[in-house]
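Next come the structures, one after another.
Two complexes follow with chain A in common, the first pairing it with chain B and the second with chain C.
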Partner chain A sequence: MSTGGATLPAPRALPPWLESAVGQGLALLAAFAIAVSAGALIIILYGENPLSVYSAMLSFAFKDVTSVGTVLSIATPLIFAALAVSVCFKGGLFNIGVEGQFLVGMVTASWAALTFDFLPGLLHLAAVLLFACFGGMVYAAVPGILKVTTGAHEVVTTIMMNGIAISIVAYALNGPLRFTKAPPGQNVDLRTDIFEPSALVPDLGHVFGVGGSAHLSWLFPIAIVASAIVWFLFRRLRLGYEARVVGSSAGSARAGGIAIGGVQIKLFLISGALAGLTGMQQVLVERGALVQNYEAQLGFTGIAVAFLGQNNPIGIVFAAVLWAILSRGETALQLGTNLPREFVIILQGILIFSVVVVYQVAKRRLARRELQRAGAEVGLRDTATPEDEALQEA
Partner chain B sequence: MDLTDIGASIRIAFTYFTILYLTGLGGLFSERSGIVNIGLEGLMVIGTVSGAAGAAIFAGPAPEGMGLGAGGVVLGLLFGALCGALFASVHAVATINFRVDHIVSGVVINLVAIGLARFLSFVFFEQATQSDPGGPHLARLDIPGLSDIPWGLGNAFQNLSPVVLFAAVLVFPVSFALYRTRWGLRLRSAGENPEATRSLGVAVAPLQWQGVLLSGALAGLSGAFLSVEVVLNWREGQTLGLGFIALAALILSNWDPRRLLVAAFLFGFAQAIPLRLDDAPLISLLPPQFINMIPYVVTIVAIAGFVAKVRPPAAAGRAYEGAGGT
Partner chain C sequence: MSDERGAGRESAPPLVVMEHVTKRFPGVVANDDVSLELRPGEVHALIGENGAGKSTLMRILYGMYPASEGRILLGGEEISISSPRVALQHGIGMVHQHFVLVDPFTVTENVILGDEGSAILDMETAQQKVADLAQTYGFQVRPSALIEDLSVGEEQRVEILKALYRGVEVLILDEPTAVLTPSEAKDLFTNLRRLRDDGKAIVFISHKLDEVLAIADRITVLRRGKVVGETTPADASKAKLAEMMVGRPVLFRLEQPDVEIGEPILEVEGLLGEGKLNGIGFEVRTREILGVAGVEGNGQKELAEALIGLRKPAAGTVRLAGTDITGWPVADIRNAGVAYIPEDRHEQGLVLNMTLWENAVLGREDDPPFSGKTGFLFIDRIKEMARRLVKLFDVRTRSINVAASTLSGGNQQKLVLARELDTSPKLLIASQPTRGLDVGAIEFVWRQILDQKKEGRGVLLISAELDEIYALSDRIVTIYEGRITGEYAPDARPEEIGVGMLGAADTAEAS
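Up next, the complex of A and B:
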């Protein structure tokens, strides 16, 4: 039990929303400073100069327009994955299954790309993207329905679904979706047939002079639109409101007549649809087919990005770009320093931990201020006990 | 398929039982104290890499290692447990002192563990994703009597790692500590009603710290067993979600060390199906990729079917306000 509100300075006369925004900004800066200093310590232990290492990483990400394009294209799948995580999280659900949902989305999208190749132009692509969402949705529905009907915790079920999804991809590649048209006399790694160009997402980078190696496509603006839609959903639509109530207090939701199970299943479906788009960057932009050595783990990285962006759709876009800059920094480290590239993963890990902890501390401080202010308004001082605080947070 | 396959499957099940039981007991201590720990998988990952490193250092041949033989392997396993406990202290600080949501912190533990394991691997082995295969390990045991059962079933009790026996007999001291000692009573009461515990003059935070550190040590030991005793080297991703299956076994056991013994064995047996029973009747009709799904499907079905019948520690997952910090 700490000393409570008594040692805090009297509440300043800032409007609450501004105080909250300033508070969160400060929290983010503090978390960032902690991570950067901890990283600097490791760099020094390796006998390098932190300043030069950090500047090498940054300047590598921004050295030319193609490099910036690469950062954005790395960020694209992370935005989808993190949005998927955040949609469930707003409703108090932990969708650790984004990984599996995105794998299944890649399979259904590939099936659609190969099956609907008679559709003209953008219709073909639209069908493929729809099936990506659909695959993710169906796969996310399973843990959602299990949660609502049996109470099976989604953390356990979604993780198991991830394990199953790996086998689904392997089955698809070995069976129904296995390539039929191989160039004669060549060994081809296991993959699907190459998709028609109409199934692929058109390149966007060349408009800005970004080189083709960056793979910056229209998928990036689609990701931005998706994050705007998620923002709209949670700020302006009834489902968003209900989700926030369910997420912050199941008791009030029940008292308010919200069908908790229905909201949870809807959130899982939306989350799955977003997750399904995660794999499109590699399937429809970079490879033009589903290949055996696909890039995995994007769903898990999405969780980290969602936490880093504090589950805010706008924050997630910036968090994904930051994550991409750091990931690209691995190459800069290899080129210019003696640090192992794994340093970046450690830095990313420290960053999420400090963000999670610092935000928690900041949130409690802000909540305490709020209570003090409310107390002051009704003529009381420092009535906020930790128990009240817990109630307010629950 | 014949009885020899069944014997061999049971032996594989014993191996997986050991992993699931050690990790599950870890989760049990943590959750009984009120701290949900879904970071078990990540703690195991740290155990795999540091255990393999420890075994190489203490038991490896003379120029690089100390060549301590079996004692060195045990030290290596304990080193894995120690590193697991150290890493679990991050979860303890976050959840107990800073009152971060337990699941958020656990998820972060799992995420960070993958990167940290690579980093440690680079430090220990100078390569990021595996160590040299065929590392030092303990001599295998045949259980007297049982290993002589005819028709191939004795197979199940031959060639076992001593750690399997250690895990199996752990049920006695753990049950005793949990149900028959003052410490166990206090630990359980912290997980059921921390306010009441505090009101009786018992500090809750130290109990929860002990629970979380024990979970790290046991999950770390389990990971070290996997890399040192089963696979004989460290490989990235070798835990394969077993930490989560252990969590599922823990839920099924109703947080009881004796029932966990059974649950861990059943889930362990499910793991053996793709490995040894893929040509059993019915199973052999499935495409091989579907056979690989069986352990995961079994886990989901078991959780969905039984979760309504169990009761977690009442205060598990809830931030306890008296724990200190800001």
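Up next, the complex of A and C:
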């Protein structure tokens, strides 16, 4: 056998993981720079000063702790939704149905909040959160099972089920969950009854001096924990490993004996559970009830945020915060400039676009460099090894 | 196959001269100062290992890549070949390994495609022209036949006709025999000799040395992008050519381990499935290598996949060491002691964007040493195992933490082999185990397969390369249209086996 083993220490400066991390960081910065400059162009076309517009947006997001708290609370549901998207995506599944799963999660959570109001304190809340996850899981299991048993494509089925979910919310609000107690003599918008305080997620903001208007609750740290769990799932657990194999090469997964269908259904269930938590910020923190004019579209925004965070659970946290800063910037625009608020949507679009493109370019460059290095080293070593000489004598 | 060589026409001026051609890809010099002369009336073989730069050089000549440096002279004048279209205008044509034909079209329609002449098609004239061309060079092909009805050998003739129709004087053939049976290869050689005698210059890219010695008038050997020598079949031998290609002597016949063949380990009976398996039956014994020879596409892939559990057979039984494993899921068949080297290691062997250690554990990630009951992966143990395998099988890599895509083909195959053999299987299914590998890596893989006999394992070797079948097998069966058409001793003549590969053997003697 060749002396010195088959692996060679790299003589160059950076270890590969650091090089890859630095490369990714640089790619992100480059993408951000491109998006900001493209946005500046649009601002100039509108006859405004890009510097003042951007500084207005930034300073509005960071003007005080309550502002920062607001950014984090906007980011909270986006983290859940984006994690839900990414879990499926790693296994090669495109779960467009996070939207529907989150709507159903709000319904089941509301039902639990109203039904289990006899439970004391945190048990009540725990039951509500569990039912939020459960509702999302059940709703995600349907496309998962259809995919595995009949081959029905998850994109088609989940899109269809998103439409159904809207009706489920409407039915719940008009039927079984419709409010029974209204303040006398007032017209009330369609909603459920107001939940007991024990069903609500406690406020976290006041610990840091964040004003109550920010709605920063314990849900934010729960979202961070969720992203850590997702990271752990894909890096340390067999299921996550198998999911990545399935997502990268279904043929090799099958030939290796991995039960692809089982892995896919499990991913859908995990994804659905995370999706189910997406609606809790509005139901259990901001409103204390399920209301008719709920904030929709969070599931779709989750797809964008997952892309922005490159489906990496840590990247998703940062992407969600960035997204929240931009969203909050909308208000700043209306207050201080003549730009329409849609500018933020355009900027978010450009950002995703440039991140996706720049990452692809960076990934290819990294891969090519890796190949070159591998090639160069194999070339170096391709001179006869002792083993080869032994062969010659044989 | 030792008949008259081409006139050589030493005196004739070369048709095409490539001077000091260098081609750089990022990080790789594919061709390094290569000079080459192609003379009319010669078959010029271009040989070398994978990645030696044969195909790159010819793609430059055919206008598919621009050269980084150097020039190309045609009839003494420098020309610039910017695209295949320009190459064809200069009389240079190339037939690729993978044919580009339109299946529902006729031979004539395919031949004139892209060179139809006027807007109104004159099919009668074109048909006549194609028929005349075929006649002139002795090509057995009917101009009005549909491509989908043709055999691979006939399709190749159509590809060559396409080039001739455009009046090429230089014809480049990239590994033309890779897809042919021995007898089809003979027919091709007959055709090529006619073309050569007509004054064409033919470039024959190959790494099959027997063929090169049979057909070539001149041989240029490339190694690592450089010309390492030019010779003629009269002055060269197979061993000498191999040494020039690899840079060290190569053994063509490995010593068979001296072991006694044992009890049946795999018994297959009447396997049916999806039109590709039509009642296959055979057995493999312990310490035995059974070679399955056949032209590709006759059910080999389906057979291997049925045995490992990737396909459910419609009928028939598969027994492993006496246990009926028919229709079991892949994981159970693997656990019962079957290892699988797929014919496409990218499709069914490796996950290219994942690391070497992640690939090394694929299929065993739920085995006790590598993960716990709770589903945790024991990454340290997996990495330790991966390091051991990389060292044991001499997988050349910088680290086990790099993606499998950074490995060369030979090293990727070593990794697959290492992983599969580390499970101590009872039976190894090796499907085209050396496809796309160069001579040095082939030798390594062959040695590993032979070593399985010493371990008391049985091996089912499925290969389209007769060389490989001969080098390893204790017994040979031929497969044709999903049936076993003959059984042969390891010293049967290639012609006999060739008959079985075409399905004509007396099926009564099949086991």
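Observations, loosely collected:
Basically, the second predicted complex is superposed on the first by the 365 of 394 C-alpha atoms of A that agree within 3 Å, B and C clash if a C-alpha of one lies under 4 Å from a C-alpha of the other, contacts with A are read in each partner's own complex, and residues count from 1 in each chain.
We take it that a residue touches a chain if its C-beta (ideal position, glycine included) is under 8 Å from a C-beta of that chain, and two chains touch if they have at least 3 such contacts.
Since we're looking at a predicted model, the values are computed, not measured.
Shared-chain residue A:V361: touches chain B; no touch with chain C.
In the superposed model, A:V245 lies in contact with chain C only, and not with chain B. In the superposed pair of complexes, A:Y46 makes contact with neither chain B nor chain C. Of the two partner chains placed around the shared chain by superposition, chain B is the only one that A:F94 touches, whereas chain C remains out of contact. By the document's definition of touching, neither partner reaches A:F179: not chain B, not chain C.
In the superposition on chain A, A:P340 makes contact with chain B only, not with chain C.
Shared-chain residue A:W218: touches no atom of chain B or chain C. When both complexes are aligned on chain A by C-alpha atoms, chain A residues 1-2, 387 touch chain B in the first and chain C in the second.
Interface residues of chain A facing chain C in the complex, by the touch rule stated above, are 1-2, 5-8, 10, 16-17, 236-239, 241-242, 244-245, 248-249, 251-259, 367-379, 381, 384-385, 387-388, 391-392, 394. Those residues of chain A that touch chain B in the complex are listed here as 1-2, 94, 96, 146, 150-153, 155-157, 159-164, 167-168, 170-171, 174-175, 297, 300-301, 303-304, 307, 340-343, 345-346, 348-349, 352-353, 356-357, 360-361, 364-365, 386-387, 389-390. In the complex of the two chains, the chain B residues touching chain A come out as 38, 90, 94, 98-101, 103-105, 107-108, 110-112, 114-116, 118-119, 122, 128, 240-241, 244-245, 247-248, 251, 287, 289-290, 292-293, 295-297, 299-300, 303-305, 307-308, 319, 321-322, 324-326.
Per the touch definition, chain C reaches chain A in the complex via residues 26-28, 224, 247-249, 251, 255, 308-310, 329-335, 340, 342, 344, 346-354, 358, 361-363, 365-366, 371, 375-377, 379, 387, 390-392, 394-403, 405-408, 411, 443.
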